[in-house]
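In what comes next, subunit A is part of two complexes: it sits with subunit B in the first one and with subunit C in the second one.
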Partner chain A sequence: MSSESRVVRGRVGKERSLQRWAAENPLAVLAGVFVLLFLVTSAIQPGFFSVSGVRNTLLQAAPLGILAAAQTVLMLTGGIDLSVTMIATGAAYVAANQSPNGAAIAILMGLLVGLIVGSMNGVGVAIFRVNPLIMTLAMSSILLGLFTAWTQTVLAGSTQVAPFIRMLGGGSWMGSVPYSVVVWGGVAIALIWLLRRSGWGRLIYAIGDNETAARLAGVRVWQVRLSAYMLSGVLSAIAGILLAGRTGAVDLQLAGAFLLPSVAAAVIGGTSIFGGMGGYSGTILGALILSVLNSLLTFLNVGQAIQQMVYGSIVLALAWGYASLTRRS
Partner chain B sequence: MNQSQVLLATQGVAKAYGPVVALRGVDMTVRRGEIHALLGANGAGKSTLVKILAGVQPADAGKVYVEGRTVQFHTPADAIAAGIATVFQDPALIPDLTVAHNLRLSRIDEAKFQAWLERFGLGKLDLGALVRELPLETLRIVDLARAAARAPHVLLLDEITAALTADQAERVFDLLTEWRAQGKSAVLITHRLAEVMRICDQATILRDGRNVAELVTAEVDEHQLVEAMLGASVEPMLKTTQDATATRRFGETALEVRGLTDRHHVRGVSFAVRSGEILGLVALEGQGQDRLFDLLSGARRPAAGEILVAGKPCRFHSPYDAVRRGVVLVPGDRLIALLPNQSVHHNLALPLFNHLRRWLRIPADERPRVQRAIERLSIDVRAASQVRRLSGGNQQKVVLGRWLVSGFRTLLCFDPTRGIDIQTKREIYALLRELAAQGAAIVLYTSELAEISLVCDRALIMHDGRIVDEQDAATATESSLLKAAHGLEVGV
Partner chain C sequence: MAFSVAIRNPALRILFRNSWALGVWLLLGALLLWYSTLIPVFGPFQITSITKNSLPLVYLAIGQAIIVISGGIDLSLGALLLLSNVIAARFMAGQPLPTVVLVALGIIAGLALLNALVGFIITLSGVPDIVVTLATGYIWSGLALWILPSPGGGTAPEMRWLFTGSPSGVGGSYWPPLLMLLIPGALVAIWSRTTRVGLSLYAVGSNKTAAQLAGLDVRRAKIVAYGIGGAMAGLAGLAMVALTGTGDPRFAIGANATLNSVAAVVLGGVALTGGVGNVFGVVATGVTLIMLNPILIAMRVDSNNAQVIQGVLIAGVMMFGGLVAFLRERRS
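Entry: the complex of A and B
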């Protein structure tokens, strides 16, 4: 009897320690989920497990990952940006419109759009204390209206995207590493450094964790918030320019499908929508998982309706799983 | 005593909140037709007892009797059904509903309620008004009229007169006297001893969660009440810091305020604190001390008056302005000052990044500075990855330590030892003395009167928004401080 109970205890102990390991290394668990999904997809679609399969996944994930970067920064402050996809679309329109002036000007003007709209969001949220959901939702609607009115006039020329931008969005270095992934990598390194190794990063976490505490410590919270929305605008613009380059033609639906995945990637990656907890490395894995999932559902060939439902259920399961995993610790 | 005379009684009622013991066993007897005062210093357990009698919280031990029968209150509705109606210290009304909606929620007959309002001189109150738009004194009356409309046998009033005008308080006393004549009873919690002497028949005095005296008010005077609240033998307090008293030398004036005024709570406060000095502030609850600290730390702007830092007039628009001039705050509620999910290190280093030029570069000496603060405060870093896992005492050390990391000139401490174990208290006292010896100016509000003679050089006493007295900490006694805090003349 005693030996039996010891065996049982041993097994329970092993399960416990496995759970603890998972709770302490949630990123490893996410990476595991990614690899698993990748292998399942390869089993369904034999051609997927190849250089081109990996490249396609990364190519899909890059704009999503960059939009999710914007979302991650804002969620860490306890905010959100529902206008990321409209900012991306606007930057894409302007980049296409300005392409005749050269790629450099086109890209700069596109980024400027992001900076301006992001600043407007930031002023609304940080200074006039508008709820970020309302502010960015309203901004998104206003932008949609503007672009609809301007497509044939101010923003005409949506199909004349400069060759350099096309290469950036859709081309690959030596035929294997997509340039958009290189851009994403640069964004990722810069953002992870900022969040972990800069004073600004400390403040982003601080105001999301307890705004009052930050204010009492002498932090001017509005400056931090404003800067976060500005950065979000610029990141969205980068994603929009890459998308313009990939499709070669800009339309109003260019980035629309990325809005909810950009939030989902951050949540799956462990960033709390209440702020103060999380980081960009998790979001990267979240974006990769969602991209593979997308390919998987496409290959399954089950029709749009089922695809949407399965996608939603898996996102829910992943987010719930992450939350319950880390709460236990 | 005739048992049928007793309307409400408690026996050995005890209550603890985690490790903090609020009530250690209270016996109280309220007779029919009696106005009963429940008195005690801050933290003696009065409000906890009210919550138990009102059915808001269950007692851990002990019994409550109503008209001789044992009762057990699981919810406030049980207490109301037993004939006990309570008016709490803070209005128990939902701010975003109208007065009429609030009444409907608590199933109060509007006609009866209206009749009571008229008695209190508020007959013209618009019941369609949102609660949050009404002033505090109106809400207290609304709460009281609601309680009265339930026609209870016992009315529990927690600090009812604190927010009322003299005229309204008079009407409340009229009601209570009339109530008494009908054989009903009331329990009155108040800091205003004059009221006790005037309208109460009996007084139960709580100290450290126990009833220490039962007095007939006609037989005692106010000073005797105060002494009963304090007890003859004040706990032998720690002798860690006062030894260096002889050699204290003060420097320049670090912080001075002149005629500082906020709309209601702070009325023309003036004082100065010099570097090297610890200035104590003593006040009963709700005398405007929290607002005063808000004004000093830049959390609120004053309506009138001047703040001078090192002799220069300053306007604090936000805490940033105060922190930049070296005036820093350790707030009363440490949870509002902590980043619960960040590490001890990040919490301690937070003020280092409150300037734009620090946004990109983390200063090279950050780590050693934080390390020095951790060592100096002996912060337990076993659970350092998230501050919310630390004990209360350790959390308080983190809040204090933050300012050691960044440096400061004037430290505003609001009750820094509340709810903290004795060992940590001792460490905090020693630290404050040490900081003062190194030239810091410290303003210390404390609800523990013993801390004044233990830590401070000088004490200001605040009553009803004003500084009413100043005492030398070396000669001040708890009784002289408490009398002054009650607005009594000292030296009688």
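Entry: the complex of A and C
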């Protein structure tokens, strides 16, 4: 390849080097796609090119970005979590129910829901070696049944969240920086640090890349897996609480629409669904791209049918583009 | 599932190799028996009701099984079901029989081609199956919504008779739905285990590189598998329109159907890693998943609790399977 490219000169060579640059900097390409989509949206809706446009995009992207964070960590280990949206909804419901006891207790109880459900997923996947797709799918069904029944019994009562949670989900710091984006930023920094710099992060990549090799090297694979699912549960709960804060009230359809986008955001961001490759910075861009795309399609006012078709086509095109870029390198 | 023990007797070997599929059929038999003691009268009406209601899921699960065996997974099957359902509902209502038959055949062939194209895109792009089909799932359900913006439409009495056993969709004889359940299942199962192309799906699914080095056309295997998946999703949509009498383009129906098809496939003993399992078992688990509902209703379990129990059962069975595999590994 290298000797061949040395021979090629002129325009072809330039195209090759551009391609190679893109392959080496996929994040820059994703950022370019984001900027492009943002500009197109601004062209359609002139008011969008403003601080409030950026703010709206971020506000939309924050819960999706955090759900996609859960998905990213699990996909790095070679897993997936189809129960993230039900965990988010459940956590939001519990938080709303506990809101009369104060925001701190409400948030803690909500996070506890995430931790418990995440642990159960983790036990199934890590110890009993159930396929993650099936384990989390079953868990999602269990949660839907439980919470539908509980809304009439133990969770009957408040469906309004505490003012503090509402401020967290929908309010802004100094009128321009949404608090939910601050939370997302905190999650992002912590997660990127964990994945890149901590030993735990190395193990996540290691078991995703080659589980057998990791086990032979002395990694307690089941513990790493279990912790990843617990983290995923807590992250989903955070996203659910933010969503509840944004809407002010909870219902059982709160987070349902985010399931497929959460997987799509991680995939567009370059995290391999087979594990071991990718990272959270790409996922952030993926979540931003999907959010802008959503605004764009809403502004276009073309009806839900065309929206879904365009959404699917663009996700496919992005994934295809990403794959063909990185495969050549 | 894979066994390293060599068994000489061929009959025993076949039994042993298909032990999981055999197990789920026995489970289905036991459930049927149990169900018949739960309700006062168990007769043709119950058999009709169980078989016709399980048709959409069973078709979808057969398609999913073939795709999973070949090493892929198709998250767009539910959306293809929606597409088939709305096309049928929109173009069959009030039409003479020849048109209805043409529409039905057109749907099956069209969706087979469409999904074969998806398979081709997967081989061409190198993007994982799950991602491509996630995206195409959005496209198909958008298309379904575009064709039929709100629930409606209808179908011909003959179609309803074929899938439900009665021209009005109520009551009727049990043998049409039973045959429609068993014939496609048996055809696909036998095809996949005896023909050259069918066996190549197993080869590609269990080890793509080895299959390629052995001279198999990996691309063709994938395209064929997705084509069959599309055709089965088309059939599932037709069964749906025959069951309900209308078309319904709601996204959630498709998403649920997809997830249930994956659950049925895995419970039926097909490994998501590819190359393992067969279609026979999947037919039984598809029926079992649908049958849980009337059983739990007969036991007077509230529908929310029924959903919980269904989830617990799926997780429980898979945990049991994992435990068995683990113990066997330790012993050897």
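Simple rule for what comes next: the second predicted complex is superposed on the first by the 319 of 329 C-alpha atoms of A that agree within 3 Å, B and C clash if a C-alpha of one lies under 4 Å from a C-alpha of the other, contacts with A are read in each partner's own complex, and residues count from 1 in each chain.
Convention: a contact is a pair of C-beta atoms (placed from the backbone, for glycine too) under 8 Å apart; a residue touches a chain by one contact, two chains touch by 3 or more.
Fair warning: this is a prediction, and the values are worked out from it, not measured in the lab.
On the superposed subunit A, the positions of subunit B and subunit C overlap enough to count as a clash.
Touch criterion met: A:A319 reaches subunit C, while subunit B stays clear of it. Looking at the shared chain after the overlay, A:T148 reaches subunit C, while subunit B stays out of its contact range. With both complexes superposed, C is the one of subunit B and subunit C in contact with more subunit A residues. Of the two partner chains placed by the overlay, only subunit B lies in contact with A:A206; subunit C stays clear of it. Legend: residue contacts after superposition of the two complexes on their common chain; A:P46 is shown touching neither subunit B nor subunit C.
Legend: residue contacts after superposition of the two complexes on their common chain; A:Q307 is shown touching subunit C, with no touch to subunit B.
When the shared chain is aligned, subunit B comes close enough to touch A:S198, but subunit C does not. Judged by the touch definition given at the top, the superposed model places A:A217 against subunit B, while subunit C stays out of reach. Of the two partner chains, subunit C is the only one that A:L133 touches; subunit B does not reach it. Stretch 131-139 of subunit B is the one among 23-31, 77-85, 113-121 or 131-139 that clashes with subunit C after the shared chain A is superposed.
Chain contact summary for the complex, subunit A toward subunit B: residues 197-200, 202-203, 205-206, 209-210, 212-220, 223, 227, 276-277. Contact residues of subunit B toward subunit A in the complex are 297, 299, 318-320, 322-324, 328-329, 331, 336-342, 346, 349-354, 356, 358-362, 402.
Across the complex, subunit C meets subunit A through its residues 121, 125-128, 130-132, 134-146, 149, 251-252, 255, 259, 262-263, 266-267, 272, 302, 304-312, 314-315, 318-319, 321-323, 325-326. The residues of subunit A lying in touch with subunit C in their complex are 82, 124, 128-131, 133-135, 137-146, 148-149, 256, 259-260, 263-264, 267, 272-274, 303-313, 315-316, 319-320, 323-324, 327.
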